[in-house]
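Quick heads-up: structures coming right below.
There are two complexes below, and they share subunit A, which is joined by subunit B in the first and by subunit C in the second.
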Partner chain A sequence: MQVKVEPRSETSRAVVYATPVLAVLLTVISGYFLFLFLGLAPAKTLYHFLISPTLTFYGWSELCVKAGPLVLIATGLAVGFRANVWNIGAEGQLTLGAIGAGGVALAFWDQSGVWILPLMCFAGVLGGMIYGAIPAYLKTRFEVSEILTSLMLTYVATLGLGILVYGPWRDPQGFNFPQTRMFTDSALLPLVLDGTRMHVGILVTLAAAVAAWVLMTRAVIGFQVKVVGQAPAAARFAGFSRNRTIWLSFMISGGTAGLAGTFEAAGPVGQLVPHLTPGYGFTAIIVAFLGRLHPLGIIAAGFLMAISYNGGEIAQVEDRLPQAATGVFQGMLLFYLLACDFLSRYRIRLASSRREVGPS
Partner chain B sequence: MTITVTRRTFLAGSAAAAGTMALGRAGTALAADPLPVAFVYTGPIGDHGYTFAHDVGRRAVEAHFGDKVKVTFVENVPEGPDCERVIRQLATSGNQLIFSTSFGFMEATLKVASQFPKLKFEHATGFKRANNLAIYNARFYEGRAVLGDIAGRMSKAGVAGYVASFPIPEVVMGINAFTLAAQKHNPNFKTKVIWANTWYDPGKESDAAKALIDKGADIISQHTDSAAPLQVAESRGVYAFGQATDMTSYAPKAHLTAVVDQWANYYIDRVQKVIDGAWTSTDIWWGFKEGLVGLAPYNAAMPADVKAAADKLKADITSGAVHPFTGPIKNQKGEVVYAAGQKASDEEMLKMNWYVAGVES
Partner chain C sequence: MHDERQTPRLVLRNISKRFQSVIANDQIGFSVGPGQVHALLGENGAGKSTLVKIIYGVLQADEGKIQWNGRDEVITSPHRARELGIGMVFQHFSLFEAMTVLENIALGIDNAPDLKELADRIVSVSRKYGLPLDPSREIHTLSVGERQRVEIVRCLLQNPKLLIMDEPTSVLTPQEVGRLFVTLRQLSDEGCSILYISHKLQEIKELCHHATVLRGGRVVGQCDPAVETARSMAQLMIGAELKQLVRRAGTITQEPRLIVSNLTLPTDHPFGVNLKGISFEVGAGEIFGIAGVAGNGQNELTEALAGEVVLRSPSTIRLDGKPIAQMNAEKRRMNGLCSVPEERAGHASVPEMTLAENTLLTARNRMGLAHQGFIQLREARSFAERIIEEFSVKASGPTATAATLSGGNLQKFIVGREVLQSPEVLIISQPTWGVDAAAAAAIHQALFKLAQSGTAIVVVSQDLDELLVVSDRLAVINRGTLSPALSTAEASIDQIGMLMGGVHGLEGDAGSSHNAG
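Then we have the complex of A and B:
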């Protein structure tokens, strides 16, 4: 008996909208039994995990802080992914962006002015783009796999940041600890609302997502990117340059990752430290695919990830949920989302009997 | 000590709002209610190293106070923007005393402490203090000096391998204290250091230990938190020292002893102070004398004279007769940093960023 996976001839719109709901439902059911098995009050833990993060205004501001960098990076990555350009090294471009922005902040540490922050953003985007240019050049010139080069450059970037933070950029009043001075007010992003950590970077991120949407659906360049990704032969025939698309993808994704690094350094962190993010550059890849490479889907996916992280913390604090169980629950959510998504577009068939196995 | 007040650390509006919230919670807590206490860990409690040692302290608090306290902990909290939210969450959910146990939580703890002036915070191994934020640290270098003394006597090659985490003063100080003590017995003693650039990563730690043994080290010390370097030492037939807790069970032959972090008494004392209303923001750096640092039982393979020498050094450090950083001490370039008889001050040790002669890093 042979198992075959084949695409469904058509997927109804209702199914497309129902799959995320179904996935969350399956996660809740599995989570209920997981928490029950762990000896916790399952309903209460689920409530803390999925509902609590969204109950207060402060909670929403923290979701924005968490989702912001994920959405910004994923938006940029999605452009390249549509063109089959695989930039796996957003984490490295983010780090270079933070180095660029932090360099400006530290160079003008004793000065103040409204020009410092825009200059930092410029340096951050430039840093991310330059770092993205390396795999783009190697791919277009020597056909080196951009997956490998962009990924490996991430580790180089982290070590580079380490050299600076342990060395010349170390806080002179910091007892030799590996961190720079705290940035001055001129180098910190203004807060959207006092009393929260929500900074203007979040607004820029939302604007970037909308801009990406317009770019991909209304501009010729967006069409070009999609054609290069889906039908390379047709793209060549139409005169769309593959190399130009690779460069464009890396400039956009490197730039957004660099900007995200700038926002982290000038936002919630407020200085440069050896490990600036908990791997936002990698998590953003998941977010991009979870959002089906669509800018609005990415915003939803970013917030869903943020809820699972922040909710996991709340469940640890309120219900003493073990940290490993938090990870299991987050994993289940992703698994069900991707599985439901897959099964809505493909069906699994047993070749001998023509019986159909699928969801719903 | 520097307390940098920026717009972000001093959010007047939020401080007021948060304070009211905290007051609301505190107001409802009657004397009979258990005192909510929280711990924030950077590693998993199962690391059997640094975080495990803090968790032993937490469990001691629970055992000592019983239902007079309600203890919460959060493990594996990354040092970065996330830890501020976790600490804040612990504060809003009513915890009266919050221990943040990793250096990287310093800025976040300071920020949250300024927003919740009614609550008490304690930060381990940092240097920023506030009225409601105490700091505490242990003189681990005292224990590391005893390990060095043992290494100097037990190593035939006169070469130790040191699996280190990050070149922060805490770690540098430990490497130097270890090497200086070993050189008292063997003046040509060398310490080879590999930086794992992590506090906890068994894979990287064991790779580092293997490389060090390949480079000629016949005794391994570590300033990372997993038992992986010990297990490598066990399989390669060399001696090693545990980290933060007694790790004998991982390497019964290799494990000579370990510097044991004994936070329990401090934690119990601080919780008691909050219950009594006698808590104040303090800055302590305790060692052997106060019982914050201890040693795991010696391995039976250690000759009696080595055990006796180690015991004597421990007693001398405890009484103050011996200071591990007493001149003559030379740096790697051979320049005299401390002349004969001169002792390093606490401040100098806490800023230490140079290595003594004999350290190869």
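Then we have the complex of A and C:
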């Protein structure tokens, strides 16, 4: 017997949008058995994991705080993914964005003014773009796989941030903790609602999602990105440069990741610390695909992932669920999504092992 | 000649094959006698390829019976077909470029003997049938004609009783075709039956004893090609009266619109072709044909002309005197040079996108389908509608994806997209490749009309018959160099054929072209 993979003749649009839902269902079912295996009460744990974060207004505001950076990064990544440009290093670009913004905040620590925040945003976006420029240059100049370079540069960025907060940027009054000074009010994002941690960065994120939607559906640049991704030869024929599209993708995704890093540092965290985020840059990849690379889908997927973060924390407290469970959940979700996508385009058939195709 | 009273070699009865909703073969039946050269004639999509794949065991019929030498057989695989004595030469060769002739043949045959013995047998078989081959040559140094010989010899080594040949002459020069026919006749005299698939009627008249005509998956006629005229067979094949093309009056100006001077371009592909010193001029209203056997630099040349490859020296290509060689495809389009690449899906169009979106590929700036970086959806849609209407494209509308169109309809759409932009220069590659006769006629007619309005047109085609019909002058590309232009009216087939073969491939012995590459 032999396992064969055959393409299906057609995949309906409905199936394309049904696969994320199916993937979520399969993840929940698997989670049930995972919790059972861990000796927990599965129904109760799942309730804490998936439902509890959504029960209060404050819960929702916290979901917005978590979903914000995920959606912002995923929106930028989705542009590149449409062009088959695989930026896996948003976490590194986020870190460089935070370093840029944090550098501005610390440099002007003894000053105040409304110009400080915009300057921080500018430095953050620039930091993300510069860090995205490295894999873009290596790809367009030497054909180096951007998947490897962007991923590996993430670890360099994290170590770089570590050097700064353990060394020159460490808070002199911080009892040797590896962290910078707390930013002054001029360097912190204003809150949208008092009593919550929702900051104006969330509004910027919404605007970015709308802008991305307009870019991808109405602008020639969005069309260019899609053509380069779907049919590289047709792109050349149309006069769209592949290299410029790669650069554009890295500038957009690096810039949004850098801005997300700025918002984290100037928002909920309020300073620079060695590990600024729980891996938003990586989770955003799942968010982008779960949301079908579509801005609206990305917003929905961002909230789902936010639930997995916050629910994971609740379940850690209530059910003593291991911290790794959140990562396992997110990993399962991506796994099931990729599997469902694959099976919606191909079918697997068991066939006897006789030779079917000659030297043709 | 074959004898009708003998047991037929192959009998097909009521063969049917469905793919989802499409019936590719519908109750097909005919028989092939020993030594008979049997033509299977039909347009693209008539079901020829499906049928021979069933005979060669690549596909299984849904219904029907195959008799081989008088006995019912189920041909479950190509392996089984070869055991029975059925060999097939496919239209697209399956050879490893970087390996030798000997290694390729050893890989492709069942129960290969040791290499030394095999090499001896290759030499003796190739001598016997006038197919000179050097077993130690690497495939990438061979011409297309020589590659076909490798495939044929690979079949002949297994002593076939039936040889299936799928469009074997589409890649050959006229001289090579003549030589192939000598071999096929020799095989036929020895009792080997040949199933010869083609849509070239003159060849079938010349070579075949009998013809079965397919249309829409059914047998629509059996005839003796020797007594039929090419025209009557064509009408049987197409199922309609052939329309005569209206040729325009000669209104070619003296002033050349497109001047290509000394275009030299080294390839960056391992098996690509270097273009060497190509020069030609095309006047307003003129159709200039570029003939040649596939793989002699046509793709490289059309990409350089269209701007998909940008050249260093701007004045290598001039349009109405303006140097444009340094510009990319879109900039050249803005200066009046449009193009149609050979490959319809994925190059000239994006299959997953709608027809309206596909107009944006080339017409976004020329036709105002984009404004200040934003797509004008309504304009794009109405331009797609105009193409659909004026070129009778069968499509559900501008929102149909390109992938849902048949080859001929997509080609009409793509040609229409460029023609309706009324360019000053049009570069078009393989305008009617794999397109049905009605669509081909429509495309040729559109090119005539465009030329009449003053456009300089360059047609690159492997189909010599097509070039003889459409072009005013033609030149032949061989190994990256272009011959001087000939007036189509005065050129002889022999002369063009010699140029197509170049020095390479004309000599009888395979050892003559070691300086290749």
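Assume the second predicted complex is superposed on the first by the 269 of 360 C-alpha atoms of A that agree within 3 Å, B and C clash if a C-alpha of one lies under 4 Å from a C-alpha of the other, contacts with A are read in each partner's own complex, and residues count from 1 in each chain.
The rule is simple: contacts are C-beta pairs under 8 Å (C-beta built on N, C-alpha and C of every residue); 3 or more make two chains touch, one makes a residue touch a chain.
What you see is a predicted model, and the numbers here were worked out from it, not measured in a lab.
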| item | value |
| --- | --- |
| Which superposed partner A:223 touches (first subunit B, second subunit C, both, neither) | second |
| Partner, of subunit C and subunit B, that touches more residues belonging to subunit A | B |
| Which superposed partner A:270 touches (first subunit B, second subunit C, both, neither) | first |
| First, second, both or neither for A:160, with subunit B first and subunit C second | neither |
| First (subunit B), second (subunit C), both or neither touched by A:185 | first |
| Partner chain in contact with A:236 - subunit B first, subunit C second, else both or neither | second |
| Shared subunit A surface residues [contacts with subunit B and with subunit C] | none |
| Residues of subunit A defined as touching subunit B within the complex | 62, 65-66, 162, 166, 173, 175-178, 182, 184-185, 188, 191, 194-197, 264, 267-271, 273-278, 309-310, 313-314, 316-318, 320, 323-324 |
| Subunit B - residues contacting subunit A, complex | 2, 4, 6-8, 11, 13-14, 17-18, 38, 44, 72-76, 78-82, 84-86, 89-90, 93, 103-104, 107, 127, 166-169, 172, 197, 350-353 |
| Residue numbers on subunit A that touch subunit C, as the complex places them | 9, 218-221, 223, 226-227, 230-231, 233-234, 236-241, 354-360 |
| Subunit A partner contacts - residues on subunit C that touch it in the complex | 20, 56-58, 76-79, 81-82, 88, 90, 94, 107-108, 154, 306-308, 328-331, 333, 339, 341, 343, 346-353, 357, 360-362, 364, 370, 373-375, 377 |
